[in-house]
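Next come two complexes built around subunit A: one with subunit B, the other with subunit C.
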Partner chain A sequence: MMKRPFLRAMPPYLPVLVILICMFALNGLAEPNSLSAYALKGLVSTYLALMFLAVGQTLVIFAADIDLSVGAILGLVNVTLVSLMQALGDTAGAIMLSMLLAVGVGAACGALNGVLVVILRLQAIVATFATSVLFLGLALFVMPVAGTPAPRLFWRTFGGRIAGIPFAYFVLAALLLMIFLLARSRFVQRLLTVGDDQLAAFQTGLPVNSIRVRGYIMCGVFAALAGLCITGDTASGDPNVGGLITLNSVAATVLGGAALSGGVGTLFGSVLGALVIGSVGSLVFFLGTPSEWQNLVQGLTVLAALMVGILFSGKARA
Partner chain B sequence: MSGALKPILIAAGLVVLLMIAGETVSPGFASPEQILRLAIVAALLGIVAAGQNLVILGGREGIDLSVGGVISLSALVAGNVMSGSDAGLFPAILACVAVGAAIGLLNGLGVTLLRIPPLVMTLGMLGVVQGLLVVARNGIPSGRAAPVLSDFVSRPQWLGLPGILWLWLLIGLAMAGLLNRTVFGQRIFAIGANEGAARLAGVPTQLTRMMLYVLSGVFSAIAGLCILGYSGSSFANVGGQYMLSSIIAVVLGGTPLSGGRGGYTGTMIGALLLVVLQGLLTTLSIDESGRQIIFGSALIVLLLFYGRSRGLQS
Partner chain C sequence: MPHLKMTDMNKTYGATKALTSCRIELFPGELHVIMGANGSGKSTLCKILAGSVKPDSGTITLDGRKVDISDPKAARNLGVSIFYQELSLSRNRTVAENILAKDLPTRAGFVDVKAVMAQAAQAFAPFKEVAGDGFDLSARVGDLRPDQRQLVEIAKAFAGDADIFIFDEPTSALDRAQTEAFFKELDRRKAEGAAIVFISHRMEEVFEIGDRVTVIRDGESVSSASLADTTRDRIVAEMVGGESNTGVFADPPQAPAPGKVRLALQDLSSRRLRDVSLTLHAGEILGLGGLHGQGQSDLLRALFGLEPTTGDVLLDGTPIALHSPRRAIRGGFGYISGDRQTEGAITGRSIFENVVPIHLFKSRQHILRRKTLQADVDRVLQILATRHGGTGLPISSLSGGNQQKVIISRWLMDDTEVLLLDDPTKGIDLKTKLELFELIRSLADKGMAILLYTSEDAELLANSDRILVFNNGRIVRELAGADRTRLMLTRAAFEAA
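For the complex of A and B:
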């Protein structure tokens, strides 16, 4: 594809950054209060889960894989965490241990996906759909009906402030630090190399299978971290909490400039993509759209944003 | 040909095995009425899967994630146009086929002219259609099926079989004819196997691919109409469950997601297999979690029989 040098020099997340700034500007025009500290904190804490999920999804998409079970993993982690915290008590130590175990559950789910797709060579879309049915079944087994509350200490901390700064911002900072380190890691470079040309990567001696499996495991870990965030946000367990969020994680990744064909994209772009989806929701709300029209306007805006993102990323590869 | 036949035979064998297992565990599972009921449910899925099958055969990562939204919207539109009267059936068919074709056309335009990956385009379209559903459902009553439509779907009509099974059979024959005996069918396989070569050979690749998405929208709309007849009234999100089960039916039937290979006969068996498996799990007295766990595990095992891609070493 012919490209101007200007386009080659721009960071891959530039289109989504421009879209995000436009969204915030429109939000501000529609309702200045939507840019208040309070509203921004609400936006961040609601969409932290989607940001984590998008980062996980991006890692597998880097290697030209996909994971349609992230929402189900998030749901399984949510109910496991709430059940564990209920069983182990609500001391700080018990909560930390529960969180650790819940992240382990996410990693195990990711490992299963990795084995099925990479080692047993199932097609990623259908295999991860099948595991999402399995994970949903396990979540229903752990907690048959929604509504068990999370301990007070857990959600009070997530929704609270430390030294006057909302806790959600610390989580966001931790996420940004993680992706800053990941983006410079050999792991992500190798995922991108595998996604760019799997055969060439194999021929140059890269352990392609082990790299892809580790991508799935990390995706499971990030889905679990998203599960921790959603538990903090909803303060309860619900096996079906992961319903539509899987498709949003794919949309956020594509908005962020990653190609489904692998080898292209940035983790930072996907975080911005998740924020675009969140700010579209808030814009639709603040514009005073009648409630029954909100989903349609949001759907159209996300579709338009996806098109703009793909057309201007100059990497419109199918 | 034996290579293409193998997955179909495995799936058909599994259907028979599951029926025998069902009859053993719960006598009456393989009774004629029960088989008829399962066949009707399989026909509903099979009609959706026909469109999904075409889109997947066309290759270039072809997939249609908007089918569930189109089904729900079509059921809603049809239910309101006919609102329980037989006279309204024909306008209702026209209305929902138009809705399905329009959504399919938009998908096709996005995929071909704008070169948006199908997964992304149809995913975005799903969001739009779901929004449309909320708008449409607000302010209009949920429609009812015409008696003649309900009879068509669930009452035995001709030779003891309900009309929908004849319709499914007809679609099966039409798809086999289309794919094997027409120029259009050859073009689908050509663009699915190698789009560049097909274009050089003079195949109108963009137009052909666009048609596949239009047909997928139309098949989903017809399925939505039949699902309305099956359930009696159009309630919320009837189509949601069909998005991924239609894809699985295609894969179980021996059409890999990479496109260019496969056919619809296998997909019909794949739809039967999925429905019989779900029917068996419903019959067993286990709770929802157990059913989901077994269904998910069974899908994984079934997939191990099919569509495993080549390893790097080979």
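For the complex of A and C:
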């Protein structure tokens, strides 16, 4: 029963890739300079955080879970990192140690989410929403007022170049390498199997709970890596830096072809999805949309992109 | 010495006893058949051995050593592998990934794609020739045909290094060649010393490949014997037990003088139905029997417009196209499911609101005039003797049985000609069950034509004027008059393959 062999052979991230190319083309039409090397570097370094966040979100969505606290984790990691670097000094060694500890904070946040959702069986949407408020509270405790600067060495490195290549591109390459390896790991295959049919996975003998908890922990780690990126980009600590980014990470994941019902999707697609959301933002900017219309246009464009994705894959995904 | 021994296994689900002091012994190199009627506990026993159901009590010993099977992983580590009747496949993963899902071959934590393909090909080799068109190790399981999916589940059960295999109805979707290939593989495993548990309702294949048989009745193991020393009739008799009709349900009703033909089906086919033809008279309760899931529910759902069909449906001699529930309701059909929570009750709303929707739909009323309707609502609830504390209370304040009465009353606000009952008494206590069946009979006496499927044979026998026995989507036998006994029903369900 070979149904539509062409579509079956197509990589799952093809629709979002096409959408992304269209968005770049529209950007180019609106403002040719938006495709300059300088503008592209700006786009990448601004949206690196969202790309990391989308990858983390995708891991939990693979297992049919969701994490609405990724933005808050990112904020908590941001203020923790800046505070640590301030306390430990601005030598390279102190900065490395601070970064390591900050990633540990993200992993701990993810572990808490995993325990609440998987072991205590709270509803994922509500439980992670509640922890997002908790993490925000912690962030405000760590740094009550926004604006503490990050050490010069840290943001200079992130915004700088190595051998003439912007540092952000090295981070992007590292992210791509990570998802290349993750996609081939047994861990991600198991997340997908669990998300596809949890009962079947249990009956197959997979440790379903431990797989789901590890998904949340990895999501926390990726949210922390996103926090490192955003700290490099903004060069300061701000407990509220998370803002709207959580739902953008969900939108990026769905744009990238993943199903919220689990078991379907690719990490690469989610990275492209994050870039689509970024390019929507820049398109709105380059079109010279009056500020009061920007949100409206941005929302409509994301909706349109979602619809194109559905038309492509031939079915609506819940 | 037996390789594996399960003794004194007990398991209850709520008020139902699934297993009572059940025992079974497995020897290496044997194919051990478990036979039992509907709901006798065969699948529960298998799931306990596979670790996906926890027993309330009981002892399992492996080579004389007591073992604890706490979850499917523990079962796997003890060398137990199971084929699930309802399949345990991931639809969005490939065939190869599914076959090896228990243990994807890896190198340093990364899936070894080459090894996956090679090992899956090896595991599937016995079935390669019979898999049919469109089958490929890298195909998505969700894109396969039902028989191909069943082959994947079989290959998955065989993959790995188990020496106890459980097959719960493994051949239901397979064609003859596929079944042969499967039996050949079973023989090979037996020769290697594996112990195989086999559940099937096809009596011929049981005698074709089985070595020993254990019969289970009402959760108790009643006999174990070599298949060479027993006969089909004896097995059927043991499955049914001594009494002809056990429990509170009485003997079959006296068939009333048939009224005029209300519903006639000619060669109705669907995804699960094959050429179903029947006539249903006014005032008749026609029972749909056989083993679970042989097409009985599918027929009822198809008649209510929930599944696409081919073939002719004549209502009072006039053809009717049943392409949606709206059309079926307007045509005079009513459907009541045993899954009240998902397919019946409008949960969280009042009793009143749960009685009126069909009436509002049929009378094309869009504005609800409570005062004029209240009298009618009270009238139908009174017919059903529904105990409630006021029609304004939420339906969830009622017991399951009374909820079901409210749902039946929906169909009594206006004339309903054909009532489709899909296991209507599921999860309802015995006393209310008897009341419900009394009521169903009184509806028939008033001229309603009723199609009844129930998962309990005793209920079916006690309430049906005729019984059509289903097997694999076909009607294989009609039981009427004195033929409506447990023995005849069980024999028909098991033998007429």
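As a working rule, the second predicted complex is superposed on the first by the 311 of 318 C-alpha atoms of A that agree within 3 Å, B and C clash if a C-alpha of one lies under 4 Å from a C-alpha of the other, contacts with A are read in each partner's own complex, and residues count from 1 in each chain.
The definition used in the following text is that a contact is a pair of C-beta atoms (placed from the backbone, for glycine too) under 8 Å apart; a residue touches a chain by one contact, two chains touch by 3 or more.
Keep in mind that this is a model prediction, so the values were computed, not measured.
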**Asked** Counting only touches as set out at the top, which of subunit B and subunit C does A:G137 meet: first, second, both, neither?
**Response** first
**Request:** Considering only touches as defined above, state whether A:S45 meets subunit B (first), subunit C (second), both or neither.
**Result:** neither
**Request:** Check the residue A:T193 against both partner chains and state whether it touches subunit B (first), subunit C (second), both, or neither.
**Result:** second
**Item:** subunit B versus subunit C as contact partner of A:L247, first or second or both or neither
**Value:** first
**Complete:** Max touched-residue count on subunit A (subunit B vs subunit C) belongs to chain B
**Request:** Give one of first, second, both or neither to describe whether A:S185 is in contact with subunit B, with subunit C, with both, or with none.
**Result:** second
**Prompt:** Touch check for A:T128: first (subunit B), second (subunit C), both, or neither?
**Reply:** neither
**Message:** After the superposition on A, what does A:G263 contact: first (subunit B), second (subunit C), both or neither?
**Reply:** second
**Prompt:** Taking the superposition as given, does A:F202 touch the first partner, subunit B, the second, subunit C, both, or neither?
**Reply:** both
**Prompt:** Hey, what residues of subunit A end up touching subunit B and subunit C alike?
**Reply:** 199, 202
**Message:** Going by the contact rule set out above, which residues of subunit B touch subunit A in the complex?
**Reply:** 60-61, 63, 65, 110-111, 114-121, 123-132, 134-135, 137-139, 244, 247-248, 251, 256-257, 287-297, 299-300, 303-304, 307-312
**Request:** Mind listing the subunit C positions that touch subunit A in their complex?
**Result:** 50-52, 71-73, 75-76, 82, 84, 87-93, 97, 101-102, 104, 106, 109-111, 113, 133-134, 140, 143-145, 156
**Request:** Would you pull the subunit A residues touching subunit B in the complex into a rising list?
**Result:** 66, 68, 116, 120-123, 125-127, 129-141, 144, 198-199, 202, 208-209, 247, 250-251, 254, 259-261, 292-300, 302-303, 306-307, 310-311, 316-318
**Sites on subunit A touched by subunit C in the complex** = 1-3, 8, 181, 184-187, 189-190, 192-193, 196-197, 199-207, 263-264
